[in-house]
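There are structures below to look over.
Shared chain: chain A. Partners: chain B in the first complex, chain C in the second.
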Partner chain A sequence: MNWNDWIPLLVVITSLLPGLIIFTLAEDNVRARVMLNLFGAFAKLALVGLMLWGVYFGYHYETRLPLLPNSDLVLRAGPLALLFVTLSTILWLVTTVYAIGYLEDSPHRSRFFGFFSLCVTATVGVALAGNLITFLLFYELLTLATYPLIVHRGTEEARQAGKTYLRYTISGGALMLIGTVWLYSLTGTLEFTPKGFLSNIGEQHYPALIGIFALLITGLGVKAALVPLHGWLPLAMIAPAPVSALLHAVAVVKAGAFGIVRVVYDVFGVEFAAGLGVLKPLAWLAAFTIIYGSIRALFQDDLKRRLAYSTISQVSYIALGVAIAGPIATIGGVVHLVHQGLMKITLFFCAGNLAETLGIHKVSEMNGVGRRMPWTMAAFTIGAFGMIGAPPVAGFISKWYLGLGALNNDQSWVIFVLAGSSLLNAAYFLPILHRAWFMPSPKSWPHEHNFGNKETAWALLLPPLITAAMALAAGLLVTMPFSPLEWAKLISVREFYQP
Partner chain B sequence: MAIQDALLAFPWAVALIFLPLAGALSCFLFPRIIRTLGLITSFSIVVSVVGLGWQLLEQGSYRHTIGGWSPPLGIELYADGLSLLMLATTALVGFAISIYSTAYFKPTLAVKFWPIWMCLLAALNALFLSADIFNLYVTLELLGLSAVALTALTGSKEAFSGAMRYLLATLLASLAYLLGVALLYHNFGSVDISLLAAQIQASPAVWAALGLMAAGLALKTALFPLHFWLPPAHSSAPAPVSALLSALVIKASFYIFLRLWFTLFEPVVDSETISTLLGLLGCAAILWGSIQALRQTRLKLLIAYSTVAQVGYLFLVFPLSASMGSVAWNAVAYLIISHALAKSAMFLSAGNMISFGGHDRIADLDRVVQRLPLTAAAFALAGVSIMGIPPSGGFIGKWLLLEAAVTQGQWYLVAVMIIGGLLAAAYIFKVIGYTFSPAKVMHEAQSVSATMQWPALLLAIGAILLGLLYVPVLSMLSISDVVIASGVGL
Partner chain C sequence: MSSSMYIEFISVTLLIAVIWPLLLSIPPLHRRLPWPRHLAIIPAAVLAVIPIDVSFNIPWLLYGTGFAIDGNIRWILGAFVVIWFVAATISLPTKEKSSPDYATTLFLLTFTGSLGVLLTADLVGFFSFSTLMGYGFYGLLIQDGNKALLKIGRHYLYVLIVADIALFEALLLVAFTTENFQYEMVRQTMSEISSSPIYLYMVLIGFVLKAAIWPFYFWLTAAFNSGSRSIALLLIAGPITMSLLGLLRWMPARDDIYILGFVMQFIGAAAILHSVLKILTSGMFKQGTRRFNTAWLVITFTGLFSLALGAALQDQNLWQQFSYLIYPAISIFSLLVSLLILSSFKTHNETVLIDNTPVLIKNIFHRLKEWLCSTQQLASAIKLTSLTLWIKLGSFIMKQYQHVSSDHKIRAFVPDWKINITLFLILVLAITWLAV
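== the complex of A and B ==
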């Protein structure tokens, strides 16, 4: 028994425990709540940093507890798991600061932060899960923890959005459950293994395996918002801005995308999956989602809705990268997990700032807002350029590797998808930037709050600036060790295409 | 060491039957301290179960002949892993409900509630410790009558008609069961289960006997389509009583069914046809009960129909036990316990919501999440287990059943279980959704004491934790001395 066996569990507990304690705190006990949140976030960050260092030098971190006969609850910190854990941990910290500023004086904050912590707990669990049953456990916990955040405002509209969200996610979870049980009855194991654990299975089971793949990917596709399973996402915009930010950047949609990576690489094995012929349909579906989401985004006037459709489109880059197969495209897909997270959370923070400070919810109200809130809009601009894929912001790197990987695998049609998507992204982001920076501002804003001579509260302004800076850094400093790209290469070498 | 030996030799099983009877008597005699007496008795039951459990772990399954008369003449008590699990569940759920009841019942009702509840507890314990079919009949009858009396406790018109239906159903069921017992006794001259199992042979009389017993037990367990009596009875009773009925009482008759199936039924009947039939009825129960639950506008009726659905899952063990005996067996034990915990938590939290708002209209729940957070949490956590979402006891039970069904290629069972889970999510989140939003009509809210909120929450947390306690629960269940052909421990 040594310490390394417990660190993955501790990483989960550092947000679970504060969350549970926060539920019991009185509403006005702001200080204790903030302390608990920040303590949890920093403790988690320290542990994750430790593991990043350790894994880089080849240490092994794994917690194993009995759960079911023959399948344990396994939390294992491999390189891929750490990529997602690091992203969630950093963005949780930033979002917590943002949420403290955003929800100042609004009711039911104990409940909000409690579920917020549970949501992160579930995400980290999803990331660290070392077998499919553990993954499923945290994946379902994520559904349950996000529901109260979506209905947080308690309005009839929120209740309906929550209902739709559950319809999609619970059904998706049920399909995954069938797939998992079926897989278990065929193989007797569910342990994530590099190159998958299915290659020994007899050929008579191949049709069943295709069915299982379809079940698992459909279940994951709900959260990853693959068309036509995306219907819940635009409605979930009813939630408060920090929730949307976290939902879109790390928690829910990413859990789905991450699950797809796991299933393709560590359950089926990418070569085996390609041999089954299941990757082609996945690639087409992802490509269709990319284009469809962008086109729908063009026609949204509501800023958050436009961003939501943009998420639908962008997250499918990850699925696309995985489905193209081959090391280079996979690096592109996996690194986009981080890049999209940084960029999208920036955009949502900015949207929240506009709503909270000036009461702006619509694109058409954004005329001249760049002069009123220059810092916020600067961060927004960086995020938007990243989405379009303009160098040097991080989004460019993802697209570059995706395109290169597609060419390497003789799938040049992907280039057209990427180019089309970039054009469409430009078409729905550039007009916003144009309005914000070059149009004259109106005489008064819809609902302005006064923050003295600052453009908005510090707690609201710092988070987007930090994440925007990180998105920029991830694009500029790609060759540094521990940059997302370098880490994605490490994942590719160590986990996916190990010699 | 002397104390240890003395404790190991202590007849804990006898205490489990004797203590609640003594409790019932003293509740009659000293109505002024009735709550204290009831609580002490409930707690002593918990202690006795721990003692019995220790005995079983040390010495394997347990037999005790009362007064030294051995069967077929005397009465024998028998306990193994399954009985222990049932007794432990009864003790824990019973204790939580007792705590709740100290705050729930006004003095006028308390003097009626406690003695009957103690009788019911004695009947339950005796039932789980019985090893012959006649004793089982006696305990079943005592159980049924106390349950009916508790249902009618408030004396309202609604409760009375619910209790009346329940009374007729339970008497009819007991009668059918007794006829079966008489037929078996006539043929084999014994009522002891293990003696019968050794002698039993297929014959028309035996089939008739088993058919009657099975029908009686299915009626008591409220297996679709014999569930007609359950929703009115369970929804009109006071909240702690509803919790007892749904969590424990119907499990008792199912427990007998389960025992008799594997010892007496399976060897002599065309088990494949009948188990398929039971499975189909279980499927119908799951679908019908869930759909009815979804259609309800009153909270307690919704929970009662959910019980009808959950009973259906229990009967899926029969078609699945053929080749996956041990998995299906563990599954059903898990489902019984987790349903007992979750459903009692649900009824207790429904009781809190009724005390709070004075009604149980789901659409008018009026921000219960903010105003009764502990109760809302109890309902939601219990709901997680009922839906079968991990981590929870309900999930493990369902996972094991699914595993058995997929391995045997019984895809219709897989489909029904999954649809049942989705419907359960639909009706539970229907309630939870309304607890977040304000009602159209505002009403005066009454405060609800912590004594009523915590038991519900703790039961629900228990249902969740059960999802992480697979190993200890299983080691408890595996205490046995008889192993039959399909690998099922008895």
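== the complex of A and C ==
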């Protein structure tokens, strides 16, 4: 093994090791905890930057360690894996800064940051997994690492949400495990391969493959919050804002959506899956989830709950892009993995700022908040317009490619789904913006904290401004090299639709 | 200066003209400068007076969006600069430095959007800037908290959303055909492909809504009745003029679309007839009816525009002979209407005629919706199952929203979404009909 072969493992270790050390730190050892967190985040960022550069120019990074007989633990940095790893790494750094500000003076911070780092470790592992068994391993670690974050507040409501989360995700994990074992018994391999590894299998096994596909997608659909497997997500918004940001934009739902991409493209192969007839039901399910999530979001007065239903809707764009099949829709789905992350994390950061600074938790409490917290609401506005799909924010690019991909694949009905979704997104985001910017402010806010003449603490304000700027840049500078769209095109050419 | 230096100077000015007002819209920046609204207009004014044509592309937005200026655009730009300058002067912000001046932010965002629409060289840029213009103008319309304007703002917002969805669909159809989004290329390409009628109808729906062309003028008359002089001026220099320009630029160059040509001519004729009747019956020269009549004059002009475009869609020769007149006509029209606005909006106490059009339009939509719901058989006959689903979904949303929301303001806001959803349904109906 040469130096390059160790880099994927190092990327995992850069958050695992700080996380394990943070568990042992005393509660008041703030400086060491902050240093460890930031050191880990920056080290990971540097390594990921190195791999991005290398992969772009054709280098190969793969760590292979013995795990089970005939099945290694494989960490491989291909273009698709790096897209997700880069997203996780950048947003982890930003979320760490935010969490430091958000949890200042609150109890159990060592426990929180320890699990926070483990959660990112698991996400990066999911992204880099080179076979289904490695994927499953990190996928389950993610479940276990996020549970303590969801119940962090320790309230009865948080515990109930945690229980529901465990019930859903462990059941999903069990289904995945069954599907994985069944697949292994049929094929003898679980290695992710461009265009899949099932095309040579005999026709007599097709019913079994359909069953395996159903098991895997159901297992992944729990974390990706596909309806009717979404029940845990709106409840989990009880967690602190940095955790919600992590769940909705970086880790859990993204791991599910990413897994769907992996199963369709690198296990079954998109053409083989289409031949089996399993992609159409997936497309319908994703389309239904998009509309259902948006309709449910309309009725929520709780801001984080509204955002949670919005996530259910938006993450299904990724599944829809994959299920439409074809290079253009795939670009739309894959790039939305990044775009949704940037926009949704902005919205959750802003929701956290409103809660932490003014005690605002409900949409109906947001009248005139734009005048009190203009920068926070400016970031929120960019995120919301992105979700609607207004140019030049990143969401426009995703919808563009999904729509175009649908037209190219003779699936015009998807256009109506996208249009309906945009309309519904506007219906639940624009009233928020209207209230915040154009309604008169109340005489007092629910629980206002004093930050002097500042809008809020810098550690809380900077992260949403950075992510909002990134969401804007991802749409505005879309033709630049290394933009998410250009990288998604690279994925499409190199991994999914190579000649 | 040599000619190449002139071209470079104009190119840089062109870019600055769009970026400068966008930068100035950031409150901490414009608060520190005197007369920021006027300062923002200066580069555009420079462009309007230097008669050099330039165009260039920059690597941003989808496919890389360019800017261009030529003699035709300069006609509109000249009027545009004058009107925005006057609007900036008559709507100066308060001198209070303590509170943030969001009116200036919104003014500058709308200005950037409108200017971008005017100067951009392709459809993606046009769409992006027109979205900025639309939402900026919405903010400008409702920012002073006037209840009547809030209601108009909501109607405008619904129109904007549906129009943007229609234009987005049109853009996708273009992207399906070509990767070159420059106006001339799109006009040529879309005139040669079979899906161009759908594209045409999408464009028509989008811009008829945005330009308040008859019969979707209800928000325009209401805005003229309730808004200030500056709002009326910006409405002319922004959404109306730019949407007419959009119709010109997005329409494909083909002359075999008789039905659409006929539809546009019918719309134009109906608009003119309706406007003339309205103006005559309101008492043409009476004090207190000037705002009302100015609004109807705008509708008359958009009707004329529609009539001319309809004729051009039926006969391209006609278009080639007279198209050079369109830009000066739009320019002169916007200046004349601005003069009328300045003279007719002098007093705040003038009597405002109540126009019941919004109610009528709502009733028409409501009836249409009821009719569509009740004709299940017809729907299935023409394969409109999906439409019925949408209708039920719309009703479901209304019901749920009214039940669940405890906040009466949300509740008051929601029933108006009926218009929005109904417009969307009409869009779906149109596409389904075309597809069938």
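Heads up, the rule we're going with is that the second predicted complex is superposed on the first by the 499 of 499 C-alpha atoms of A that agree within 3 Å, B and C clash if a C-alpha of one lies under 4 Å from a C-alpha of the other, contacts with A are read in each partner's own complex, and residues count from 1 in each chain.
Note that in this section contacts are C-beta pairs under 8 Å (C-beta built on N, C-alpha and C of every residue); 3 or more make two chains touch, one makes a residue touch a chain.
Predicted, not measured: the structure shown is a model, and the values here were computed from it.
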A:Gly162 contacts which: chain B (first), chain C (second), both, neither?
first
Which partner does A:Ala426 contact after superposing on A: first (chain B), second (chain C), both, neither?
second
Touching partner for A:Phe39 - first (chain B), second (chain C), both, neither:
neither
By the touch definition at the top of the document, which applies to A:Trp182: first (chain B), second (chain C), both, or neither?
first
Figure out whether A:Ile170 sits in contact with chain B (first) or chain C (second), or with both, or with neither.
first
After the superposition on A, what does A:Phe482 contact: first (chain B), second (chain C), both or neither?
neither
Quick one: is A:Val151 in contact with chain B, with chain C, with both, or with neither? Answer first, second, both or neither.
first
Residue set of chain A touching chain C in the complex reads 291, 295, 298-299, 301, 363-364, 371, 374, 385, 389-392, 396-397, 399-400, 403-404, 407-408, 412-413, 415-416, 419-420, 422-423, 426-427, 430-431, 434, 437-440, 475-480
Mind pulling up the chain A residues that touch chain B in the complex?
23, 65-69, 73, 107-108, 111, 133, 136-137, 140-141, 143-144, 147-148, 151-152, 154-156, 158-159, 162-163, 166, 170-171, 173-174, 177-178, 181-182, 184-185
Contact footprint of chain A on chain B as seen in their complex:
367, 369-370, 373, 377, 384, 387, 389-391, 396, 399-400, 402-403, 406-407, 414, 418, 421-422, 425, 429, 432-434, 436-438, 468, 470-471, 474
Residue set of chain C touching chain A in the complex reads 27, 59-64, 99-100, 102, 124, 127-128, 131, 135, 139, 142-143, 145, 150, 157, 161-162, 164-165, 168-169, 171-173, 175-176, 386, 390, 393, 396-397, 400-401, 404-407, 409-410, 413, 417, 420-421, 424, 427-428, 431, 435
